[in-house]
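Presented below are the structures under discussion, each in the form of structure tokens.
Both complexes shown next keep chain A, but they swap its partner, so chain B is in the first and chain C is in the second.
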Partner chain A sequence: MVAVGDMLVGYATDGGVRKRGASGGLVTAVLAAALEKGLVENVVVMKHINEFEAVPIITDDVEVVLASTGSLHSVPVNLAKYAVGRKVAMPAKPCDAQAVIEQAKRGMIDLDNTYVVGLNCGGSMHPVTTKKMLVEMYDIDPEDVIGEEIEKGKLIFKTKDGNEKGIAIDELEEAGFGRRDSCRYCTIKIPVNADLACGNWGVIGDLAGSATFCQVMNDKGVRLLENAIEAGRIEVQPASEKAIAIREKVNTAMVNLGNTLEGKILTEIPDEARIQYYLDQMANCIDCGACKEVCPVCACGEDSKCTMFHSLVDDYSMSMYHLVRLLHLSDSCIACGQCSDVCPSDIPITILQSRFAIPAQRKREYTPGMNVDETPPFFEVILK
Partner chain B sequence: MKEMIYQTVCPGCNMGCGLYIRENDEGTVAIDFMKSSPANLGKLCRFGMQLPHHYSKATSMVDGVESSIDDAIQAASTKLKGAKDVAMLSVGATTSEEHLAFTKVADALGTVVNTGMGTYAELPPECHATVGHGIPLEDVEQASKIALFIDPYTQYPLIVRRLLAAKRSGASIIAVGPKEIKLADETKHIGPDQYESELGLDSESLIIADVHPHSDPEHVKHLLNLALMTGARIMFMKPFVDSTGVHLLSRGTGQKGLQEIMDGINEGSIKTLVTLDSDPIELMPNGVEDILKKLDNLVVISSRNSPVTRLAQIVIGTEPLYAKAGSFMNVEGQMLKNSGSSSIGIDALSTLAQNLGGKAFDCQGLHTQVLENVVKEYTGPKYKKLSCEMMETAPEEGKGNLINVYNPFMWFDQPDDNDFVMVNMNTVKSLGLRKGGMIALTSNGGTLKIRYAVAEVPDGLMLTNKKLPITTGTCTVVTAEGC
Partner chain C sequence: MVEKEWEPKIVAFCCNWCSYGGADTAGMGRFQQPASTRVIRVMCSGRIDPLHVFNAFLEGADAVLVTGCHIGDCHYVNGNEKTEVRYKFLEDMLQQLGLEPERLHLNWISASEGERFAHFIRDVTAKVKELGPSPLKPAGVS
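Coming up: the complex of A and B.
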């Protein structure tokens, strides 16, 4: 029997899945079992293109789930919108799970039909930057990479010739590589907002590298695990006190680092320089709308406040589109970094949003995407 | 619901922006971001974000009646057998493989494929490589000084981030043109005789311009001369997904310009026009429909419905661009491949070629030939240094006070909210324009009331990013009054 609050260590029973999937294949096996036993109709998985590219797909085929890729640090996609309108199970970084909950608050996702298998996340990297980093910092041809992992503060790449090389993330980030900016100051590293919170932190001893630590967060988490156990797809055992302590220690270190980096990245701007700062940052916007399209918490559709008050023919110094978005998202931005990723003018939109959102959210002691029952402070309409 | 996911390239220009197209089993198309794409890191411009509206399923037609593709091919074969005074047009809005297939149909007809880029014919062949190839996009970021002869925000938006990166590395950027360019340190409204003295370029500098079907060859010559005089490198942006590829595949075939083709039709020296994913009605100023109606035969091979498919006697409707098997070459010379595997278009062209007495071909064979013809001689992004002599030049064309700023929405006649003209504050005052009001423009093409935006443009000049019903060319003489 599995219960809410359980801390377990587990792995896939199928040898192939255990070997191929990240950390013992538990997440893959849980997702496959959810589909196989009818808990959900679809699963969102990442289809592997190469070591630096995977594309989210929605599948009803168990074999596709089993063949899907493990976690890739250089595929920074937010999966929440792929769950909209579906009875689905999905893997989720903490920011994916946050976005799922925010979509649920806006009536776009039915949490009763959405099973979220959370994955610990120390941060993700942009694929093109990662390839450049491999050449410049690791002296590795990106084509030779067959795997990567983060361990003890180092980013490690494994190559075809069986070798591996690790460099401290701090060193990489000082050189301008490493994690995306928003990941560096993120402080939600264990997805306690998901149904299951899984990861390799706290997997020790003989199981290190071949099992997953799994915390059961709610009743849906219980269902997911019991379903997978009944299907014979996973085996679990209680995590030891030592394992639990190690997991917490890693988390605390990561969160502390995030807090430190927040101060370095979101530097104070004097009051008198603030307007010019935003004008300068947004001066090169080409009005593509990609930041809205990709925003995983936005549920407005085409007809929205930010677009309604914006027109190319206007000659305002700063676009109404961005001003409305800065205000509109101040209680809901989860700083996932998607908007910065897709901005064709390289505007650091996530940082701009965070400058508005973090103080606003802290003042109201509210963190978006953590609890579906917590209404965003500025919500105008409560969906029943 | 099942979904097909294609890795493809945005057809909006020749930057080579990678993206995913998601197509569900109801035919609904959506875009997704391909962040590993080196040209754009998954980022897309306004046009790229609107791509689902661009794709529209092409319908095969014979004499205005919907038909099977096989019947359309047979009807086209009948029309084209023995046809004289044939012109063929492919501007590079499809794969290199389809373009090559089209050239084989042209061989069977005893003619050549025109890319519509008449400028090439006006330039010494020894400078074609420089004009045609461009430079690695990363090199833009390394330049110490950049002279911009384009509006990057409107025309080729994914170059903006490269220019900003260059600025962060210390580059100075001077824009030359009618509109203030925000990212430039300075915008100069100067003529060719002032380029050398005013721009202060040297061998560490980069000139960025563009070449398109309506480019004034004299303008291109002036810029090439500037590059020769100063030792600066020069890069020409281009408007279609495979502009670079079709240039390399079509060398020596004449490169008849769009206007030349239209003049030929008007004068009666061209009686039959065959187009491959190239719509003269979208690509030319207004009034082209009447010229096209003079043709005896208009055969359109197209992956999407567009204005010319409604005018053609025969439409051979092929698969959408993203679904095609094949490749493209972007402005820096990277070969980019579609993940699609469909060969409907190539198979149609093969049948057409055979019906006209040519040989059969297939997708794989054509791809091999593309590799041999293009990649063999062109092994990746590398600047081709100018090797021509200084050119004699004449004054540039373009007399008119309403200027079209060409951009993907304009090339493909896509709806956009660029339905206004840009004027400066002096014009606003002199015409007594009201905020939020309209301006009335009158040309030989008629009168139009349209909204206006205030921009930093020279006195008396008006810019538009949209093909307006009253424009008669790249530049149009208009009179303006408030309304």
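Coming up: the complex of A and C.
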């Protein structure tokens, strides 16, 4: 039947799910089947409120899972921490899957109990920026939006009155809108670290738009798919050579773009100006601690070094909290962008973090969250 | 009144079994060294958390020295190897932060190497004197 490494194209058998889901509803159907057949106890899904808001929920109701279909580009939430201590299946962007593995390395998640269905991701947008962009660039009232889509490098919004308007993403990003900074220089677009790597890249011909490309990454992926096929929820067929080539082409283009943008976003700062740069960036910090709270790779809990040794009474030139976090995350930051998203003072913490993390990780040839058997280099002591 | 020459403040973390002994030997051997160091004794260099180094800088140290036993000589089998892993991260981080690399040093000094200790302190003090006060020094601390 299904084997590790298989490249498949599949879709949900249920007409409704297939139509509502982004490209074939395969992911929704796989998640529903996993819950139905008792593979997992819960499923983490996003409950759709509107185009700019969705709440993650942990459910054991198949109907809720089936009703959650749809992709949202402007709700950039990381789901990894919802899997802590539970037996769940969850959809995941590459950075969610990375965070799940990082949590597993720190003993917080049992990977045997966690099924991760990866989704291709070209980047996500911040809801506030998106709303602003709709008004300024699209001349659309955010309230009127009923759907969005990314097609051929264009971001298309559909409105209530049936119209749609698309603007090239490059153009939007030039104007300071579009994807979040960390998504622009991200280079993991296909979640090869998840159990299944799904997405609509490489779905061609008459299936385009109504099927999902799916690569089986490991034994858990095989179990997920076979379970869904047995339950009669999905149908799969091998992907054609051409489809695989197209998927690879899209991926290469995206990764190359990410590499180019990295140089533009993480601009070189001369040695002597750097300390002032960091002091200026962090000057507005109000010590709320939200960046730690949302960090999907942080597994310290409440009593952590960064908070316990940081006191507001200290009149230090730089916050101990940030110093500890910058060091602590330099081997494990996955640049998911959560910290920048939640910062009430709009400090671009993800960028600051990446300035430390990216060189440190490259030097050690280590990418966090890709392989559970790799020890984080900070903990690696090689006995000579 | 004669203006006193600025003297850097250097925090040296010394391992109880080696470099602390080394500092002792330096004193007993009467090797000349500047009075710029404040020695903090730890039971093993593996005890030195990057946090201690940050704290030293934020409290006004102009340089921080991390010293311990030579690799293979650790009293606790591999404590200094753990230090080394951490130190490399710390080094990269402080460099990215914009602090001069001369302000942070790692050195292995055994209890018998008194002269090496004194020489190390002289060396670092001279370098830091050239650099001037640390940019992380809080206001009001000389």
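Everything below uses one rule, namely that the second predicted complex is superposed on the first by the 378 of 384 C-alpha atoms of A that agree within 3 Å, B and C clash if a C-alpha of one lies under 4 Å from a C-alpha of the other, contacts with A are read in each partner's own complex, and residues count from 1 in each chain.
Note that in this section contacts are C-beta pairs under 8 Å (C-beta built on N, C-alpha and C of every residue); 3 or more make two chains touch, one makes a residue touch a chain.
Model, not experiment: these values are computed from the prediction.
Visitor: Just from the overlay, do chain B and chain C fit on chain A, or is there a clash?
Guide: fit
Visitor: Quick check for you: in the superposed arrangement, does A:173 touch first (chain B), second (chain C), both or neither?
Guide: A:173: touches no partner chain.
Visitor: Should A:61 be classified as contacting the first partner (chain B), the second (chain C), both, or neither?
Guide: neither
Visitor: Touch check for A:314: first (chain B), second (chain C), both, or neither?
Guide: Both: A:314 reaches chain B and chain C.
Visitor: Would you sort A:355 into first (chain B), second (chain C), both or neither based on which partner it touches?
Guide: second
Visitor: Now for A:226: first (chain B), second (chain C), both, or neither, which partner does it touch?
Guide: The answer is neither, since A:226 touches no partner chain.
Visitor: Quick check on the superposed pair: does A:49 touch chain B, chain C, both, or neither? Answer first, second, both or neither.
Guide: A:49 sits against chain B, while chain C stays out of touch.
Visitor: Is A:271 contacted by the first partner chain B, the second partner chain C, both or neither?
Guide: second
Visitor: Given the superposition on chain A, what is the angle at the CA centre of chain A with arms to the CA centres of chain B and chain C, as a multiple of 10 degrees?
Guide: Computed from the C-alpha centres, it is 80 degrees.
Visitor: Considering the aligned complexes, could you tell me the closest Cα pair distance between chain B and chain C in angstrom?
Guide: Minimum C-alpha separation, chain B to chain C, in the superposed model is 8 Å.
Visitor: Determine where on chain A the residues touched by chain B overlap those touched by chain C, and list them.
Guide: The overlap between the chain B and chain C interfaces on chain A comprises residues 314-315.
Visitor: Within the complex, which stretch of chain A touches chain C?
Guide: It comes out as residues 271-278, 305, 309, 314-318, 320, 323-324, 326-327, 330-331, 355-356, 359-360, 363, 377-384.
Visitor: For chain B, which residues count as touching chain A in their complex?
Guide: Residues 3, 5, 7, 20, 32-38, 40-46, 48-49, 153, 157-158, 160-161, 164-165, 182-183, 417-420, 451-455.
Visitor: Taking the touch rule as given, give the residues of chain A at its contact with chain B in the complex, in rising order.
Guide: Chain A reaches chain B through residues 47, 49-50, 52-53, 55-58, 75-77, 126-128, 131, 283-284, 286-290, 293-294, 311-315, 341-346.
Visitor: Sort out for me which residues of chain C touch chain A in the complex.
Guide: 49-51, 54-55, 58-59, 71-72, 78, 81-82, 85-86, 89-90, 92-93, 96-99, 135-139
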